[in-house]
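Okay, so subunit A shows up in both of these, paired with subunit B first and subunit C after.
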Partner chain A sequence: MLSVKDLAVSFQTRRGTVDAVRGISFDLAKGEILGIVGESGSGKSVTSYALMRILDAGGTIAAGEATYSGIDLRRAAERDMRDIRGREISMIFQNPRAALNPIRKVGHQIEDVLRRHARATRQDARAKAIAALRAVRINDAEARYDAYPFELSGGMCQRIVCAIALACDPRLLIADEPTTGLDITTQKAVMDLVRDLIRERGMSSILITHDLGLAAQYCDRIMVMKDGVIVEQGDPVQIFSAPQHPYSRKLVDATPRVGESIRSLLPPEDRKAELPHHVHDRPLVEVRNLTKTYRGSSGPVHAVKGISFSIKQGQSVGLVGESGCGKSTTSEILVRLMDATSGEILFDGHDIAGIPAQGFARNPRRAEIQMVFQDATDSLNPRHTARQTIADPLHRLGGLRGAKLATRVEELATLVGLPLPLLDRFPHQLSGGQKARVGIARAVALEPKFLILDEPTAALDVSIQAVVLNLLVDLRAKLGMTYLFVSHDLHVVRLLCDHVIVMKAGEIVEQGPAQDVMSNPQHDYTKTLLAAAPKPPARRQVA
Partner chain B sequence: MSSGSIVSSTCARCRPVKPVSVAAYPRLRAVAFRVAQSIPVVIGVVVISFLLTRTLPGDPAAYFAGAAADEASIAEVRKALGLDKPLIQQFFIYVGDLMQGDLGQSISSGRPVATDLASRLPASLELTLTALILSCGIAIPLGILAATRPGSWVDHLCRVLVTAGVSLPTFFTGIVLIYVFYYLLGIAPSPLGRLDFIYLDPDRVTGFYLIDAALMGDWETWRGAAKQLILPAITLALFTLAPIARMTRAAMLTALSSDFIRTARAAGLSRGTILYGYAFRNALLPVVTTLGMVFSFTLGANVLVEKVFAWPGIGSYAVEALVVSDYAAVQGFVLAMALLFVALNLVIDLLYTAIDPRIGFSSK
Partner chain C sequence: MTDTPLKTTPKATGGFDHLIYVLRANPVTLLAFGMFALIMLSAILGPALVPYDPLQTNAAKALHPPSWDHWFGTDNVGRDVFSRVIVATRLDLWISVAAVALSFVVGSVLGCIAGYWGGWPDIVLNRILDTIMAFPLFVLAMGIVAALGNTIENIIYATAIINVPFYARLVRAEVNIRRSAGFAQAAKLSGNSDVRVLAMHIFPNALPPMMVQVSLNLGWAILNAAGLSFIGLGVRPPTPEWGIMVAEGANFIVSGEWWMAVFPGLWLMMAVFTFNLLGDGLRDIVDPRKRT
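Let's look at the complex of A and B:
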């Protein structure tokens, strides 16, 4: 049905030509779901844009052939391509909220496509748009017709994007990271929906993702891409059990799975023995009846509804939940960047909930509670070098100056594995993993007792996530820190944490030792979360 | 968080029974709120304009008593003008008059300030609006074209035109236009006001000559007024081209690189739909903001154009009044402008809510 041969895509940039895709070939059969897996910069999205001929300015298909049902996609006239897009080949995108026109009713956006491909007339467009909404299982489709994207949840927006893509019954659907940025249960719902629709309509599909586990669960065949070339392709189970190429082996290793230890995320040659960390009986942090209420435009919003838990010294606690469950609010209150509405936070036996967040920077305990932020890029000052960033807390809170400061910064860089020559670079000159290391170095600079990690690996590729997680494990043992690890990813939490707290709608629904909660969840919500996580096929033991 | 209320309001809106009243009600309230918000602004303007005019250097009494006046006659004039009373009393007299719609008497023209403003404000508005319509007519398409083909000749042409328009002072452009079209080519009429003396002023309805003449059906006068208007309007338009074209280009570039444009392209929508239905509507918001700003500064700053074309506008009126410390006229001018800006901001806010459904939901 689709046949790609030696496809190469290049971009003209100010610094010369960049080859994003360097000669890839594959075929797609009717009814087949093909997964393209790779990390950022591997050229997987560019491949799909090239097939649709919607490359950004400066991008061209440099060589090769792409044929869809006898049509030469590379040489077809733009007018013909416009007829093919949406009617023959459709696409759904990541970040669904941004993928919809923010100021046009979703119903009208569906109608635009229907009318464009002459699937509806002015008279029946509304009815057909509503039918398209029903097809993607949107409740109360008639009311949703008049909604604007900002009124809908992320998962709902992705359903609308699907409705637009599927409105004209295309025969090939390209899904470009369709669930990135969505909650894990929403991810499952969207992926199940897409798979069901593809099967029902006998369509073919290409699923582009960075998540090998997700691809393995939903695809018939997987292609692993790296730096614009296909390094391996084959059956998902085969790729997982016996990856041939070193890169796909690295990816398979780095994908968190049930029954693996944190060291096994790393390539075999980097696996060192895990340093033990000691959990004391004495609690370091005790939270009692913590509440946070925001004043919303339509009445008060209870973000955190009286939660209590305690964290022992040296313990690593995972705080798990989906967006809006109050986990970020809780962590911000604990790190004293936000004031609680009521409740107590005992830190080392002293109540710190009463100290206003605004003045906490001048409190001596500031150095003892630190945070690693979610987005490694946005949480670094773009005008500060790595050295300045790491030196900042040492200088302000630690009072270090001159040669002592310089020595300490270099010690910290070595500790987090940041090569010293990189210290004088600015954030935009560093890779994602290096920026994460800078953020961690800054947080541990003052040897805090308590470190809050707010999804520190959410924006990272899996192989880098593996390295950063292992770094965190090492640091925990070396510095004797207590962690609160905030995440939506249960697999990751299980690898790192001793104790897990599951939150939903501002309340704690379940907490307990990580192994117990994972293997024998009590609450229905925890079960749902666990069930929603993609389950990669078990790996055959490699000696 | 507030999804419940949103859902219910969207359901309410799509209910077939009188959807307008449901949707219009919060909007009406928003309008009323915005108007109420402007009341303190107006009060502040009244106070400040009063105080500022009093602190101006120069003594109006001495000025109007004439060069040969002695102490006694100056004091007499001062008394006649009411300037001998304490400041606070003068203020209350002023506010009291204002309440009755009396802006006072202009000393230089000898007519009530309200009458002067009523004749001069429409002249300025007619000129400014025509210039802005002209300017938008050129700048917006130019900006769109430049954004769709960045780096092409259209883009460069846009840049050259914009730079030229903004770097040439208006009085210079005005004089060049007069020299070429009036003196050399003889196409344009003499640059002396709003209407050549061979025509009679149209009956006053709005004060806009073009509209009044059209209402009367007097097309001869209409043509005469249009001829007078075109050169000063072009002069102003050239000056206002730059911000509008630049903002259109920038906003379109941002809109065109958005994710939803990629979705639209992937759905096979036509170029026109993508460009105008999707990108331009999203780019409108910053363009409207710029337009409001341009409108306010042109209205205040077109004194030079009014002077060059002997246009009986509000800008030249204010400058003349300021020179002779004509308190009532200056206060009247400042107040009129303040009210105009308040109204303008209101219109722009309302345009926002019309363009972008997200605004209005979040407003408290």
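Let's look at the complex of A and C:
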């Protein structure tokens, strides 16, 4: 149905020509779901844009053929492509909110595509749009027709995008990271829906994702891409059990799975023995009846509703929940960037909840409680070099100056594995993993007792996530820090943490030792979370 | 296992290399910088280089058209127009730079306070700025100069006051979107007080768009100063100043002595044009993200 031969895509940039895709060939059969898996920069999205001929300015198909049911996609006139897009091939984009026009009702946006392809007239467009909304299982479709995108949740927006993509019964659906940024339960709901719709209508599909586990669960065949070439393709189970290419093996290793240890995320040659970390009986942090209430426009919003827990010295505690459950609020209160409405936080036996967050920067305990932020890019000052960023806490809180400061910064860079020449670069000149290392170096600069990790790997590729998680494990052992690891991903939490707290809607629904919670969850919500995580096939034990 | 091969990421470069790169990449910026250098030169060295004393009258040579002796002709009392145009550069540039610097500083401080802390200072500031902007700005400047007295300092104050709202609003918006950014939070964790976070971490990030504003504003400020002088406020004759010269020359256009008004007007236009072009280039130089 779709046949791609030696496709090459290149971009003209200020620094010359960049070959994003370098000669890839594949065929897609009718009714098949093909997964394209790769990390950022592998050319997987560019491939799909090339097929749709919607490459950014400067991008051209340099060589190769792409044929869709006899139509030459590379040479087809722009006018013909407009007919093909939406009717024959349609696409689901990465960020559903960005893909929808914010100032138009979603119903009208579905009508647009229907009428563009003459599938509806002025009279029956509304009815057909509502039918399309029903097809993606949106409850109360008549009412949703009049909704604006900002009134809908992320998962709902992605359903609308699906409805638009599927409105004209295309025969090929390209889904580009359709669930990135969605909660894990929403991810499952959206992916199940997309798979069912594809099967019902006998469509073919290309699923582009960085998550090998997700691809393995939903695809008939997987292609692994790296640096613009296909390094391996085949059946998902086969790729998981016996990856042939070193890169796919690295990816398979780095995907967190049940029954694996944190070291097994790394390639075999990098697996050193895990250093033990010592958990004391003495609690370092005790939280008692912590609440946070915001004043919302329609009454008070209870973000955190009286939670209590304690963290022992040296322990690593995972705080798990979906967006809006209050985990970020809790961590911001603990790190003293935000004031709680009520409750106590005993740190080393002293209540620190009463000290206003505004003045905490000059509190002697400031150096003892630090945080690694979720988005490494956002958390680095774009005008400061890596050196300035790491030096800031040492200078402000540690009182280091001159040569001592420079030595300490270099020590820290070595500790987190950041090559020293990179210290003089600005954040935009560093890769995602390097930025994460800078953020970690800054947080551990003063050897804090208590480190809060707010989804430190959420924005990273899996292989880099594996490296960063292992780095955190090593640092914990070396510096004897206590961790609070905030995440939505139970599998990642299990690898790193001794104890797990599951939060939902501002309350703790379950807590206990990590192994118990993972293997024998008590609360329904924990069970749902565990069930929603993609389950990659188990690895063959002989590595 | 490394994250990224080192060779694929660009090398960090210094500020001077970056300046050269920006100038090369964009010929318009190069042109703007060239013209800016010319204006600066005539402001600094102009009075020493001009062929005639700009205030020296010579009744015998009144209203001569442009010639090899007097490139831009002479005015109604026989002063050399070219010398006066060049000497006026220093005064006009001084007025605009001082006014823009003043409004930059005041606007930044006000905007930072409003954008970072919000609350009542934000509301009060916004209403005051709205009030200033509700007036036709030139008329407001006229009023201020007329009320305070007809001096160069008062032109500067008036020009600064009418420009403050633009800076304050721009800074307020830029600070507001960054006050809860990760790097601002991280700076607090590093022991920076709110004021330090604001001044050392957030405000510098607002500089690139500010540079565009500064450069456009320099153009407006020159135009504004010349406009005030044109209607007889501020600078007084016989001081050479572009606005006054255009005003004096305007009376003679009908009788065919066009050079008295056209040349100072042309210089004024060129200065405004230069500053408008300069904006983009300045932003590229100030923004470290362009430094790849």
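Note that the second predicted complex is superposed on the first by the 542 of 543 C-alpha atoms of A that agree within 3 Å, B and C clash if a C-alpha of one lies under 4 Å from a C-alpha of the other, contacts with A are read in each partner's own complex, and residues count from 1 in each chain.
What we mean here is this: a contact is a pair of C-beta atoms (placed from the backbone, for glycine too) under 8 Å apart; a residue touches a chain by one contact, two chains touch by 3 or more.
Not measured: the values here are computed from a predicted model.
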Original post:
After lining up the shared chain so the two structures overlap, which partner does A:366 touch, if you call subunit B first and subunit C second: first, second, both or neither?
Top reply: second
**OP:** With the two complexes superposed on chain A, say which partner A:52 touches: subunit B (first), subunit C (second), both, or neither.
**Re:** first
Original post:
In the superposed arrangement, which partner chain does A:85 touch: subunit B (first), subunit C (second), both, or neither?
Top reply: first
Subject >> Partner chain in contact with A:292 - subunit B first, subunit C second, else both or neither >> reply: neither
**OP:** Tell me which partner A:44 touches in the superposition: subunit B (first), subunit C (second), both or neither.
**Re:** neither
**OP:** Determine, under the contact definition given at the top, whether A:488 touches first (subunit B), second (subunit C), both, or neither.
**Re:** neither
Original post:
For A:387, is the partner it touches subunit B (first), subunit C (second), both, or none of the two (neither)?
Top reply: neither
**OP:** Check the residue A:113 against both partner chains and state whether it touches subunit B (first), subunit C (second), both, or neither.
**Re:** first
**OP:** With the two complexes superposed on chain A, say which partner A:226 touches: subunit B (first), subunit C (second), both, or neither.
**Re:** neither
**OP:** Enumerate the contact residues on subunit B facing subunit A in the complex.
**Re:** 1-7, 10-11, 13-14, 150, 257-260, 262-270, 273, 277-278, 281-282, 355-358, 361-362, 364
Subject >> subunit C residues within the subunit A interface of the complex >> reply: 1, 3-4, 6, 9-10, 12, 25, 181-183, 185-194, 196, 201, 204-205, 288-289, 291-292
Original post:
Okay, in this complex, where on subunit A does subunit C touch?
Top reply: 14-15, 250, 266-267, 270, 335, 337, 358, 360-362, 366-367, 370-371, 373-375, 378-385, 392-393, 396-397, 419, 421-422, 424-426, 428-434, 437, 439, 442-443, 463-464, 467
Subject >> Interfacial residue positions of subunit A with respect to subunit B in the complex >> reply: 52, 54, 56-57, 81-87, 90-91, 93, 95, 98-104, 112-113, 116-117, 140, 142-148, 150-151, 153, 161, 164-165, 294, 296-298, 301, 324
